[in-house]
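First chain A sits with chain B, and in the next complex the same chain sits with chain C.
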Partner chain A sequence: MRIIKMYKKFLEPFLECLGQFGRLYAPVRKNGVLTYGPIESISEAVFSDEHPLIPIKKLFHPMKFDMFRFGESGFQPDYSMVEKRVIIGVHPCEIHSLLRLDDVFMADPPDPYYSQLRHNSAILGFSCMPTENSLCTSTGTDIVEEGYDLFFIDLDQFYLVWVGSSLGHDMILCHDEFFEDEVTHEDIAKYVAWREKRNLAFKKSFAFRNMPDLMELSYNSEIWEQFGKKCLSCGQCSMVCPTCNCYDTTDVLDVSNKVSGRRERMWDSCMFVDYSLVAGGHNFRATRADRLKLWYTHKLKTFGKEYGRPSCVGCGRCVDTCPVDINVLTVSQALSAREVPK
Partner chain B sequence: MSVEIGIENPFQPEAARIVRQYDLIKDHRFFQVRFLDVKRAMSFTYNPGQFLMLSLPGVGEAPFSISSTPSRPGILEMGVRKVGKLTEVLFTKSDNDIIYIRGPYGNGFRLDQMRGKDLIIVAGGLGVIPLRSILYYVLDNRDDFGQLFFLYGARRPDEILFQTEFFQLKDRRDIECFYTVDKVDGGNWTENVGVVTTLFKNLPRLDPLKLNAVVCGPPVMYKFVIKELLNLKIPKNQIQLSLERKMKCGVGKCGHCALDNLYTCTSGPVFTYWDTIHFRELI
Partner chain C sequence: MAKVKDTPVQKPRIGVYGFTGCAGDQLILIHTEDEILNLFAAADIRSFVMASSNPPEGDLDVAFVEGSISTEEEREHIQEIRKRAKILVAIGNCAVSGGPQAMFANDGSFAKRLRDVYGEVKFITDPIEAAPIDAHVTVDYYLPGCPIDSQQAFALISRLLHGADPEPSLHPVCHECKLHENRCLLLDKKLCFGPLTKGGCGSACPNHGLPCVGCWGPQADGNFRQHFELLQSFGLSKEEVFRRIKNYGGHKILEFIKDI
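Then we have the complex of A and B:
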């Protein structure tokens, strides 16, 4: 791993030059909401500690897109959304979430849409300080060791830049003069102080490592029924969760033609009542308690059984957004204390 | 910047022709299909117990069990119940119409552990459709297996699927067939009356270590059938269950068929009872 140093005044000109590697994407503010989107110039990008409301999965597993065009000659895949991209300002938890999504979508056979978007996107990570509901120290996702091309750690006057891939190395070369190889003892001391300051800034935590066992032990707990009574089945938790990957497909006919159209793929949520409905009307998860239990068991236990680690990356979006306070914090607290928080 | 896409699309539906289709019983129809591409038709192979994703452009896509046996290549067969939008449109199709399929998906039955052993096939209602595949596979490779027992129950005599062909099997000496219905209202039903578990009394004494069982039926049936099979002392990993779940992708991406840490589409739809004994929300 190569770690180099760049003074802050070079950030904007450096990022501008990355347009030659693909279309630039970054968090931008739209109607007051922070969201990932394409940018024309770096000045539009908002680099902050705040998480975009909708996670980065939307750039790789889009909310809605056309998988195929169909007509009399059958189904033709539609890859028109795939383009070369450089995504700037990605926080560590988001990079971890992409690694979790890779576990699913890149497993054999790879999903061609996700894998092409992934292969054609550069990831430029940026460090952040914890926000009100950040839980990434609990989930061990506050630091990244892989999954980026470049990673910038903000140390006030300068950045320490981790070069994570050959593509990242090529990017550096487009403005080699901005970067210094020499990192002084003083710089290292600044980095260590930053890590300590950040570790102390977390306001909330939960016992992530206990959760797989606690989930198993709590399968028949009345806690689920109590949460089930509160849950609105709105699916918001799935939409804002960076590792929720479920989708549904629908065929849409062209307005003017009865044989041609497109097969759309869009996000789905296991919170929705028809999610596990099968032919003949049997529903494997008819109650809200069943569906909540599936969601939390999947996030905090079973994903790990299949892929090595549970899928929660501690971004805190479920804490920010659930209208009735059902989230990894309240669920883990209730399962530990045997009481649903009021 | 445009990019080259050079990889396989596992979701690509392939054109197939309906060779023949006819009603099995009310709202249940049998379809024989063949890939338009002759090479594809002849090279396509699968295991009994696997499934296909069937597409009708403009209507959608859904999973269907394969009901034919790979020992008779070239033709694929499915039995379909009319229960939703896709099947309603499928039922309007005629011979020679084009449909789209992709697959095969899932794991299928564990033939390796069944070879040389005795086998009980237990089917309930529509569950006989995937089991017809293993039934004919065993009959086509008869010397590879020991004694074969086929237990099939439906609600009423007019709900027995494939009645003519299954009743003909009773004349064969290399298989024992037992049929039952829950209820008879008139007619000339001469077979057993009662739920499918009442057929177990017909089975001879068998060596449980040399015995496999495969089961498919409505969710309510599994618990009772498993109890009977455990009474026969069959080891739990020699009981194979084919499970139904909703699937959108067939390859472990869409999440719908998640069952504990596994996907029914990739780790199933066939699970041994031992595999599933700790699944909390199995059946």
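Then we have the complex of A and C:
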């Protein structure tokens, strides 16, 4: 691992130069909401501690797209959304979320849409300070060791830059003169102080490591009924969660007498009533309590069983978003205290 | 892939009818210029009140019906259409729920309201309390909206053309609202009926910062009791919340709020 130093004044010209590696993407503000999108110039990018409302998954697992067109003689996949991209300003929890999504979408056989988008995208991570509901120290996702090409840690006058891949190395060569290989003792002291300050800035935490056991013990708990009474089944929690990845496919036929059309793929949520509806009209999770139990058991326990680590990356979006305060914090509190908070 | 029957030898015979309403749904169909031409090529359009006068009346494969039923004459006409049509689709909020003209549905004040507005007149055809199509005949499919959304409409129409079942729409407006990356208005204590309302409009209102007023009609899985409680915690009275959801909820909302 190579760690180098860059003074702040070089950031814009350096990033601007990365256009040669692909189309630049970054968090931008649109109608007051932070969102990942393509940018024409670095000045549009918003570098902040705030998380975009919809996580980075949307750039790899698009919300809604046509998988292929079909006709009477076969089908034609549509990969038109794949392009070379350089995604700038990605926080640690987001990088972790992509590694979790890789577990799902890159497993054999890989999802061709996701993997092509992934292989064609460079990730430029940026450090952040915790926001009101950040929980990443609880989930162990506050720092990153893999999953980026470059990672910038903001130490006021300069950045320490972690080079995480050979692509990241090539990017540095774009403006080699901006970077210094020598990291002084003083720089390291600054970094250590930053880590300490950051660790102390977290306002909230939850018993992440206890969750798999608590889930197991609480399978029949009345707590799920109580949360189920409150839940609006709006599905916002799964849309904003960076590791929720369910989708639905629909064949949209052409207005014609021929058998032709397109298969559309769109984000779905296990909080919606038809998610577990099967042929014949049986619904495995007709009640809201069962749906919530599925969501939380999957997120905090079962995913871990399958892929070695639970899928919550502590971004805090469910805490920011649920209109009736059902989120990893309130659920873990309820399971620990056996009481649903008012 | 959707199950589709072999290409029909005969083009399906289609009729489009309008009852009491603003005719906005027929307008959406006609204004979707590419698709309406495809539709005229793929189907045998027997009757389309808005597109041609003097339609021939006969047996139909599919009848699309817009508007609520609000006179005796309309009631007889819809029954006659039902007899001729193999499949009947209610299109638009008026046909599906009764429309804004049904906001006082079944409250017992119809006779008084009629007198207050029209006075003591003799009507050419007897008015009846505005009701959705399925209050009088069975409806096979519903296409909600005020007005309907052309994408949702043509997705259903193309399914029917191929003899396939239309996809039901079971998700709330919130689904599309999040896909449009809107901040939830409920977090700012605004009265939004998104979680209680059928999706399909593309979250047209929240996309502009406006709360959903429920024009796609009630979403059967909505958690009505909890959502009304939440809205009341914002300082709205129960009466106010009920009044607002009835504006578009018409007859269909009644069963969801009767025990609240």
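Here is the rule we go by: the second predicted complex is superposed on the first by the 337 of 342 C-alpha atoms of A that agree within 3 Å, B and C clash if a C-alpha of one lies under 4 Å from a C-alpha of the other, contacts with A are read in each partner's own complex, and residues count from 1 in each chain.
Please note the rule applied: a residue touches a chain if its C-beta (ideal position, glycine included) is under 8 Å from a C-beta of that chain, and two chains touch if they have at least 3 such contacts.
All figures in this text were calculated on a predicted structure; none of them were measured in a lab.
Engineer: Who does A:Leu253 touch here: chain B (first), chain C (second), both, or neither?
Structural biologist: Both chain B and chain C are touched by A:Leu253.
Engineer: Have a look at where A:Gln116 lands relative to chain B and chain C in the superposition and call it first, second, both or neither.
Structural biologist: first
Engineer: Figure out whether A:Val273 sits in contact with chain B (first) or chain C (second), or with both, or with neither.
Structural biologist: Second partner only.
Engineer: Looking at the overlay, does A:Val324 come into contact with chain B only (first), chain C only (second), both, or neither?
Structural biologist: second
Engineer: Is A:Pro13 touching the first partner chain B, the second partner chain C, both, or neither of them?
Structural biologist: neither
Engineer: Counting only touches as set out at the top, which of chain B and chain C does A:Ala107 meet: first, second, both, neither?
Structural biologist: In the superposition, A:Ala107 touches chain B alone.
Engineer: I'd like to know which partner A:Gly261 touches here: chain B for first, chain C for second, both or neither.
Structural biologist: So A:Gly261 meets both chain B and chain C here.
Engineer: In the overlay, answer first, second, both or neither for which of chain B and chain C A:Asp290 touches.
Structural biologist: Touch status of A:Asp290: first partner only.
Engineer: Spot which of chain B and chain C makes contact with more residues of chain A, would you?
Structural biologist: Greater contact footprint in residues on chain A: B.
Engineer: For A:Glu306, select first, second, both or neither according to whether it touches chain B, chain C, the two together, or no partner.
Structural biologist: Touch status of A:Glu306: first partner only.
Engineer: After overlaying the two complexes on chain A, where does the chain B footprint on chain A coincide with the chain C footprint?
Structural biologist: On chain A, the overlap between the chain B and chain C contacts is residues 70, 250-251, 253, 258-259, 261, 263.
Engineer: Report the residues of chain A in contact with chain B in the complex, numbered from low to high.
Structural biologist: Residue list for chain A touching chain B: 22-23, 67-68, 70-71, 74-75, 77, 79, 82-84, 104-105, 107, 109-112, 115-116, 120, 219, 245-251, 253, 258-259, 261, 263, 268, 270, 275-282, 284-285, 290, 294, 297-298, 302-303, 305-306.
Engineer: For the complex, give me every residue of chain C touching chain A.
Structural biologist: Residue list for chain C touching chain A: 1-2, 4, 7-8, 11, 35, 38-39, 41-42, 154-155, 157-159, 161-162, 164, 167-168, 170-172, 174-175, 178-179, 181-184, 186-187, 194-195, 209, 220-223, 226-227, 230.
Engineer: In the complex of these two chains, what residues of chain B are touching chain A?
Structural biologist: The touching residues are 1-3, 5, 7-15, 55-62, 81, 83-84, 87, 100, 218-219, 244-246, 248-249, 251-256, 258, 260-262, 280-281.
Engineer: Would you pull the chain A residues touching chain C in the complex into a rising list?
Structural biologist: So the residues of chain A touching chain C come out as 30-33, 35, 53-54, 63-64, 70, 229-236, 239-240, 250-259, 261, 263, 266-267, 269, 272-274, 288, 321, 323-324.
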